[in-house]
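Following this line, the structures themselves.
Okay, so chain A shows up in both of these, paired with chain B first and chain C after.
What follows is the complex of A and B.
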């Protein structure tokens, strides 16, 4: 029972990342009709916002100690961070909380990146075929990856969680089970809760604001909304920026779980597309449900008891589920009629 | 009046004798060869082909290899401070190139993909005239390129490849490896693991699902089970999985008290980081402190895991903190040129370039069979790993192996590992027949 609960928790935190990326993909597809293969790169850019914030906060004053030499004969460098020198304990606190601090910085940056991407490139491909959209966005993803690699190198860059969130939480004891049976990393539980919060915020925004109402109307019938005199294109540009923010935030908070490198977006991209397809193209609730569902299924398929029966199942289970769902429900779990059907 | 009777038979005999007479000095001389060989250098230069990952996940390691190769070429051609040529036991290289020819080089990008690596090696051999191919950061790539070099008739001096198969079942006459292998890692780590963790342990392996991972898992199981350890499970994980948490959660309540991460590079960084995140480093199981072991460490990669490497044991081919004269000379030379210490990938590739150059100089030719004969059974010292030998039977270098541990109090970002033990060469030697395979004959090519 403990093992099963552990895998459920694991699937939920993994599913949180899938759901957030798939949510952004679905928003873009549902509003703009664009298949955005650069969405994984937005997740990666979000992660590198965190890396950059940490690097800026950790900017060091370098003094040379001529009395001590390195192994290659140059004076030893003594490094102290400016932020700690200037702000003392508050500086140390800032460094410790660099990942949460990055969220505040990442929101405007990702919004700008998203808007620039849409205005600078994507909008020229609205009326092109999906194949052409895939080619151009995939090309963009590769360009973004290479830019990041040229600046930050190819190796993963460690990004620790705040010290207070590095420990374990006895989840079993919290829900009345035997203590010590289901102990889970605190940051992963925080990530799961964070993903729920962002999902709720996105749904609330679309559901309860006038802006959201117009966007939803545009998703249902773009032409009619345009005929009503509403500049739907401008709103959709902001929606693209919003999707970039969601992907970026997912990336920022994921950095303590997975040390970021330039390739991390690609790892999530394919999985997220499967999530979108299983959830149903254009369905926001579908993307969220499928994200968590596939995360949990993937975790269970990696259990030794399962792998002993079907070796290698962990590596194909996601795609197997996609095949089965599409055979039974060709529009996906919660797909809308008419989307990608013409 | 004399009369010449020229018969057909007499003419043939005479021609044969004259031909033998002309050829005799070169046939009888060890340095004489009748036919040409692939990319025989004709002018004043000889071309090396450096095939390293310049893109992809191992690009940083590839960049370090390239730095080391450039340094080696400088030293062979007589520029710079000479580096380890000053400490190398063989004094054949005089700083004026090899066999009177200056060394030039071309580079290729393996992308850490076998097909791309073969394509770039092929291009360097066929288009650029490379007489030797060297480099790489993956066993799969090394084995693929080694096969290509064998067929093309050039020497392959392997870069960072740790699988037993490179000089085991997939060995080739034209291929030589300076780097150690998983068998040696197991032999070196075994006694240290026993000393640190005892004989009564239950191990759980997470293994990268490709040739190196299987080789590493096999070697560690062999030596740990030899100590009396049990193997609870050995789980194969896909290469580049990113998030390994679904493989780590089953470890938590499995009853195992040691986690062996047969992962390298980015996989190692991620799986180790996540294992520590799941509290395994601080966990107590079966009344013992839980232990994590990373059998193959790379300092470059360990930097990516940050604080998570603290106290974690593993093995490595070489480390910049070694205090022998060869290592000190190399660190000084590399550090002064680039501003930071070299990685083990840089060290092994520098050594490979120097060893090839020295062998070609001693052989007096770049012909693969000639260079190979000079490398086979060659004993040397002064290149940072103590007395070393290129074993003739499998073209594997035998030398001391380092057991290292993640440093508790690093003094700089390069200072992440500390050498716990230098395992003597005798302890990691094994019979060539153990790993199977056939070298086959040398191929000199054209």
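What follows is the complex of A and C.
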């Protein structure tokens, strides 16, 4: 029982990342009808927002202390970061919480990147074939990835979680089971809760605001909304920016779990596409459900007990599920009729 | 859109192509591409792109997992070397067959859907093969190290025919001719010409016509009572066999096989080759493959020192600026150039270089024949 609960938990954080990326992908499918192969790159850019913020916060001022000498007779160097020098304890706190702090920075940056991408490139591809959309966003993904590689290098850059969240949580004891049975890294649980929060925010934005209502109407019938005198293009631009923010936030918060490197985007993109296909193109609940489902299934498949029966199942289980789903339910688990049928 | 071409012009094209391939070492010498390693790559990736074009150019099905067949072909060829014989003929045949069989399996599943679903399915299946090659299938693929020859390999056919390679690590040889350098190139070139001929026959055949029909209007094709699936599956398998052959040739010229050949970047590269040259045209993919491999070779070799020499005519501060900007695009950053090229081509020239050529040709004709008041329709090749 403990093992099963542990595997479910294991799947939740990865599933959260899949769900967030897939949510953005499927929003873009549904509204703009564009296949965005650069969405993984947005996830990666979000992660590198966190890297940049930490690097900027970590700028150090070097002072020499002439009263103390090192073994070589030179004055001792005292390194303090500027934020600590300027803000004192608050600076230390900032450094410690660099990953959550990055969220504040990442939101406007990702929004700008998303809007720039849509206005600068994607909008010229609405009328062109899906193959061309795939190709141009694929090219964009390579470009973004290589720029990041040339700026940050090819090696993963570890990002620590805030100290308070670095430990383990005795999850079993929290829900009234035997203490010590299910012990789990705190940050992963935080990630899961965070992803739920973002998902809830996106859904309530689309469900309860006038803006969201227009967007939903536009998803259902773009032409009619245009005829009613609403500038649907501008709303869709903002929706694209929003999808970029969601992917970026998923990336920012994922950095303590997986040290970001330049190709993390593509690794996640392929899986997120599978998630979208399994959930059903253009279906928002489908993307979320399939994201968590596949995350959990994957974590069960990487249990040693399962791997002993079918070796290598953890590597292929997601793809197998996608193939089976596409063959028996071509529209995906919750796909709507008429969305991306061709 | 599609113009029936005469037998004679086809023969001329084939003859011209053959001569160009045979004389490539001399023709490409002056531009610095006249050495065998690069020429082998031209021929091999030319075959790969020709095959991809049969699927993508004719039927419009965009496969994002073709590198899987290339990788499988390489593994098959190296295993043939290890188990049976160092003769490349057997290796190439087995690589082609294995590529084809693999394509039947993947095509059977992924061709149930079309459009982006097809692209994603092929991408997912190729990524799955890549993961498997890296992890569980390590006994077959030798994982990260890559599959290599060893002195202790059985090579039963070689042993049966009394060939002994002594104490050195054998390289593939065609009845005593080593498949490196120019002999290796001409071995690839012979198959390249054969593949080009086959591809031309397919383009001109009723079967090719059916594939074009799949691209232009599947529904109408179904209404006429034709089943689309066998045609698309056949095209998929043929292009998989081309890719398997190309993978086999990679192993023939350099007998090792690694999983990185199956990665999605490799799949993306062949897509780029095809659209750069012009998808759906006979010669386009060959040109695209040549251009990309040529620039890859040149750009990857650049480093800051070379760049400083190139920009040495500029004043110093400009020189530094130019070097630091352009160094992002060369050497390690070659992929950045590739990605940017990808976008530029798709945005501005979706028909590829072949469309560019034909546009220039039309303009020239119009300029020379001003007094002809017959307007010339710009013939654009739709690239999907």
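We take it that the second predicted complex is superposed on the first by the 323 of 342 C-alpha atoms of A that agree within 3 Å, B and C clash if a C-alpha of one lies under 4 Å from a C-alpha of the other, contacts with A are read in each partner's own complex, and residues count from 1 in each chain.
Note that contacts are C-beta pairs under 8 Å (C-beta built on N, C-alpha and C of every residue); 3 or more make two chains touch, one makes a residue touch a chain.
Computed from a predicted model, the values in this text were never measured in an experiment.
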| item | value |
| --- | --- |
| Touching partner for A:143 - first (chain B), second (chain C), both, neither | second |
| First (chain B), second (chain C), both or neither touched by A:330 | second |
| First (chain B), second (chain C), both or neither touched by A:315 | both |
| Touched partner set for A:277, first chain B, second chain C, both or neither | second |
| Touched partner set for A:156, first chain B, second chain C, both or neither | first |
| Which superposed partner A:134 touches (first chain B, second chain C, both, neither) | second |
| Touching partner for A:2 - first (chain B), second (chain C), both, neither | first |
| First, second, both or neither for A:35, with chain B first and chain C second | second |
| Touching partner for A:185 - first (chain B), second (chain C), both, neither | first |
| Touching both chain C and chain B, counted on chain A across the two superposed complexes | 149, 315 |
| Residue ranges of chain A touching chain C (in the complex, touch as defined) | 35, 121, 124, 128-132, 134-136, 138-143, 145-147, 149-150, 266, 270, 273-274, 277, 311-312, 315-316, 319-320, 322-323, 326-327, 330, 340, 342 |
| Complex interface listing, chain C residues touching chain A | 60, 62, 64, 109, 112-117, 119-121, 123-125, 127-128, 131-132, 135-137, 264-265, 268, 271, 275, 328, 332-333, 335-336, 338-343, 346-347, 350, 383-384 |
| List of chain A residues in touch with chain B within their complex | 2-3, 6-7, 9-11, 13-14, 70-74, 77, 149, 153-158, 160, 166-168, 181, 183-185, 187-188, 256-259, 261, 263-264, 267-268, 298-299, 302-304, 307, 314-315 |
| Complex contact set, residues of chain B against chain A | 55-60, 233, 235, 238, 240, 242-243, 245-247, 249-250, 252-253, 266, 269-270, 273-274, 277-279, 300-301, 303-308, 320-321, 328, 331-336, 339, 341, 412 |
